[in-house]
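Following this message is one structure expressed as structure tokens.
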Amino acid sequence: MYDLRCDSVTKRFGSFTAVNNVSFDIPSGSFFSILGPSGCGKTTLMRMIAGFENPDQGDILIKGRSVLKDAPNKRNVKMVFQHLALFPMMTVGENIAYGLRCRGDAKSEIGGKVNAVLDRVGLPGVEDKQISQLSGGQKQRIAIARCMVLEPDVLLLDEPLGALDLKLREHMKIELKQLQHQFETTFLYITHDQSEALVMSDNVAVMNAGRFEQIGPPKDLYENPVSGFVAGFVGDSNRWGGRVDRMSDGTAHVALDGGDSVLATPGAGGLGDNREVEVFVRPEAISVGRGAEGCTLSGTVDSLLFNGANSRILVRTGTGKLIEVADQAGVSGVNEGDAIDIHWQGHRALCFGKGAA
Amino acid sequence: MRHSIKLLLAGTAFGVVTGTVASAETLRLLTWGSYAPEEVIKQFEAEYPDIDVEVTFSNNEEMIAKLRATGGSGYDLAQPSHDRIYAAQLEYNIYKPLDLSQIDTSVMQANLLEGVKANTTIEGEVYAVPHQWGTSGVMTNMAEAPDVTGWNDLCDPAYKGRTSMRLRRTILLGTAFGMGMNPFELYSDLDAYQDMLDQVTAKLIECKSNIKTYWTGGDDLQSLMLSGEVVVSETWDSTAFRLYSENPEIVFVPPETGALAWIDTFAIPRGGEADDAAYKWINFVMRPEIITMMSGSTGAIAAVPNGIELLPDDKRDAVQAAFDQEDLDNLKFFANIPPGLEDMEGIALERIKAASE
Amino acid sequence: MRSDAGKLSLILLMAPFALWILLLIVLPQLGIGYVSLREKVGPGQFTFGFGNYMDFLGEPIYWNTLLRTAWMSILVTILALLVGFPVAYYIAKIARQRSRAALFLLCLIPLWVSDLVRAFGWIVLLRETGLVSGALQWAGLISGPVELLYNDVTVVIGLVYTVVLFMIVPLVSTLDGMDDALLEAGYNLGGSRFTVFRRIIVPYAMPGIVAGCIITFMLTAGSYLTPILLGGKNSSWFTEQIYNQFITRYNWEAGATFGVLLLGFTSLVIWLGLKLTGQSLATTVAKD
């Protein structure tokens, strides 16, 4: 059962194609994210789902029914806006009751529903407050409550955490996920922040230049990216340019720009000789010490970046490349200026053709 | 620093001193629009290079209001009508007595001079001498309304919707004359005057449906007459004379009960600071060659024995077309307005304006 | 030391403004109030009392004109709001950024000429031998010339035209600050166009509406030239009576009384308007 399905949706603005033949399904009750850099078309896609734009081609179905002919106020998709768009001239309670009143709920029921939804978002008793009296996180929850009280088929969230400070953002990620569980509603979440997408989502679509590059669970995207874009955009990665020297046993021998030669596993599609490629190795895949031939580089420690569990060693190779190496809690014991070797397991180095999908 | 300030102060002081010496005496004239034509001022300033003429245009009511507000200062020479001086002087003390030895009264028409002197003598001091005179009466478009003879024609249903008047005291007086009363004789008995006003008010309210609109200024009246929207109107004769040169069908009709004659005078405000210059101006504008220029601009007749002959040709024609000797003998000169009268007239005018047809 | 200097510079900065308020607004008003309490008993002799106000109440012409002026000013204000709101909305929300400034400027152009010229513009258009009458005859819609001037409708039109700008400017500036997302949220949550207009746009624009209404109402009630020039033989305007009292009747005491009454009455109307619409000056005009 799918709550939302987009079928070959395309939207052009003049000669610019903002959304190019995008199709996807979102299973009921799941948390789905669209991840992409700004300008990739993700907001346009969301606005089409909400009804503020009309697709040039394709169809949008909610609970199996096409909604293209429905005006925005007739679609049972609700949206949490980037800056929340809470109505400043209404109290919290009036903000939440607005949708109920539009829907024509009986006056006697509205108060109870408002209180119930405020309870569920953990803010009981704030209905008489002005919007300006709320903190950033509280506003966030009110914006969600204002939508959820209407029991939408799908809740759209347009980078709602963007305006929050980092600490609160980290906290709200977890809270959003919990809210989604609690309401058991389908969430469609748009973000350019890969960590938000990875943490919260059941499925993530990576969008680039109007197209979906890959759809899958976060772990899949992280470990088995299908393109250089996904590999580079999702999670941290070392990225080296080079050229395929030769292929053997499904492994590419890549001559990196500026010297050094490494082995790498080709991503989707396979590669031919002499092909220009990019090699991706995640920092946590690299360890200090010598490893197999083609999976080892040497250099000196350029600097140590301490960040608790996310600490890094920056290694400068003989050919001038700067490589990030994970160093959990700084346990490796190396010092700046030390000459060290680093290595990784062969299958953790992926290579993708440059400029290809 | 201190030195430069000294210099600056010295310079300023010098500027002030030389400024007073070099800059001429200023003659600040408070008069009617068109009573100070540019070429007359130019000739005057050429003859008296140390006098600058500054002109403020006004009307009877505003002249008194202005001088009252400043206690008679701010102007050096004013030109109120002869009937507006006595009461204003008694009540507000805004003028100073004239030094008749400074004025060449020999050029003035004797009966007008004596009339003005009689009207404006308080405790043996004379406060005004005549400048120009003219009349108020009725103007008609001969092509459309050839049979107009007097004030009553304004309310003649034959011209329904095509007559006009100015809602000021002149029309009250004219209507009273038209009804067979003589308001000037009632000035001394305010109760009788109120009685007369009540009758006039009733008549003018009844007449309201016959009126197209009340004109408010000379420009207004001219366009109403020239466009043919109005064919009979209460008017100043000078306005009618001006229109005569553009459309000879439009003539001034001295009412059979007598045109109401006003004399604009010279009076020196109590706070005047340039009496000599004021006397020079009075004598200057009474010279025959200046009179022709002045009358050309004002359309009024100078208070000299041959005033009509000194009019420019077109104005003289218009006057001769309008007045015969009988009309001239029948002029009704405005009598001095006793205190309190204008308040009574004011409320009568407001009643007329506020009444619905 | 430093704060003393700061205080001093603040005082110096505020001084011209305070002087302006004091000398040009407060003192004259006090003077007017003082004169209005003076009763004339003879030439140059006065006593004090409320006689002038009693005279006002005793003369229906005066208070009828005041009521008429207030009533027509309210009408003009409402019409200016109805005309100005769509214009302001278009300028602030629909027009593209580039044409916005041009449109705004276009609205300002009438202010470049004086009241008098604008009134004469209407006269040229609407008089019996004027352009509109001529055009209608030429088009065969009417058989003879028609007089469109000299009645209350013309006065109202002329006044709306004169003051509508003062409605548009505050409306544009409030609507300009409204995030489009608010409207989209309004639709998204199920609101119809009307609901969004009534429950989101209007409440949001309320400070601008109140400010615009107060300005236009005060301007209209205090206007002089337009009602005099366009008005017919029956259209009295209260300012005209103030002028008459001061200038043609030399009755400064009554004129001052009327002035105080006009200020008091218009303030009362505004206060009532705020009460009836549940607004307050603090939450609208003075909102930061």
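Worth pointing out:
Which chain is which? They are A, B and C, in the order written, and residues in each are numbered from 1.
Definition applied: contacts are C-beta pairs under 8 Å (C-beta built on N, C-alpha and C of every residue); 3 or more make two chains touch, one makes a residue touch a chain.
Remember, predicted model here, so these are calculated numbers, not experimental data.
Averaging C-alpha coordinates per chain and comparing to subunit A, the farthest chain turns out to be B.
Taking the mean of each chain's C-alpha atoms, the chain closest to the overall C-alpha centroid is C. Computed from the mean C-alpha positions, the centre of subunit A lies at a distance of 88 Å from the centre of subunit B.
Put simply, the C-alpha centre of subunit B and that of subunit C have 35 angstrom between them. Between the Cα centres of subunit A and subunit C there is a gap of 55 Å. Against subunit B, in their complex, subunit C makes its touches with residues 43-44, 59, 61-62, 64-65, 123, 127-129, 147, 149-150, 228-229, 232-234, 236, 241, 244-251. Taken together, the subunit B residues at the contact with subunit C in this complex read 61-62, 64-65, 68, 88, 90-91, 168, 208, 211-214, 216, 220, 223, 227-229, 339, 342-343, 345-347, 349-351, 353-357. If you check the complex, the residues on subunit A that touch subunit C are 50-52, 71-74, 77-79, 81-83, 85-90, 98-99, 102-103, 146-147, 150. The touching residues of subunit C, counted against subunit A in their complex, run 179, 181-182, 184-192, 195, 199-200, 203-204, 206.
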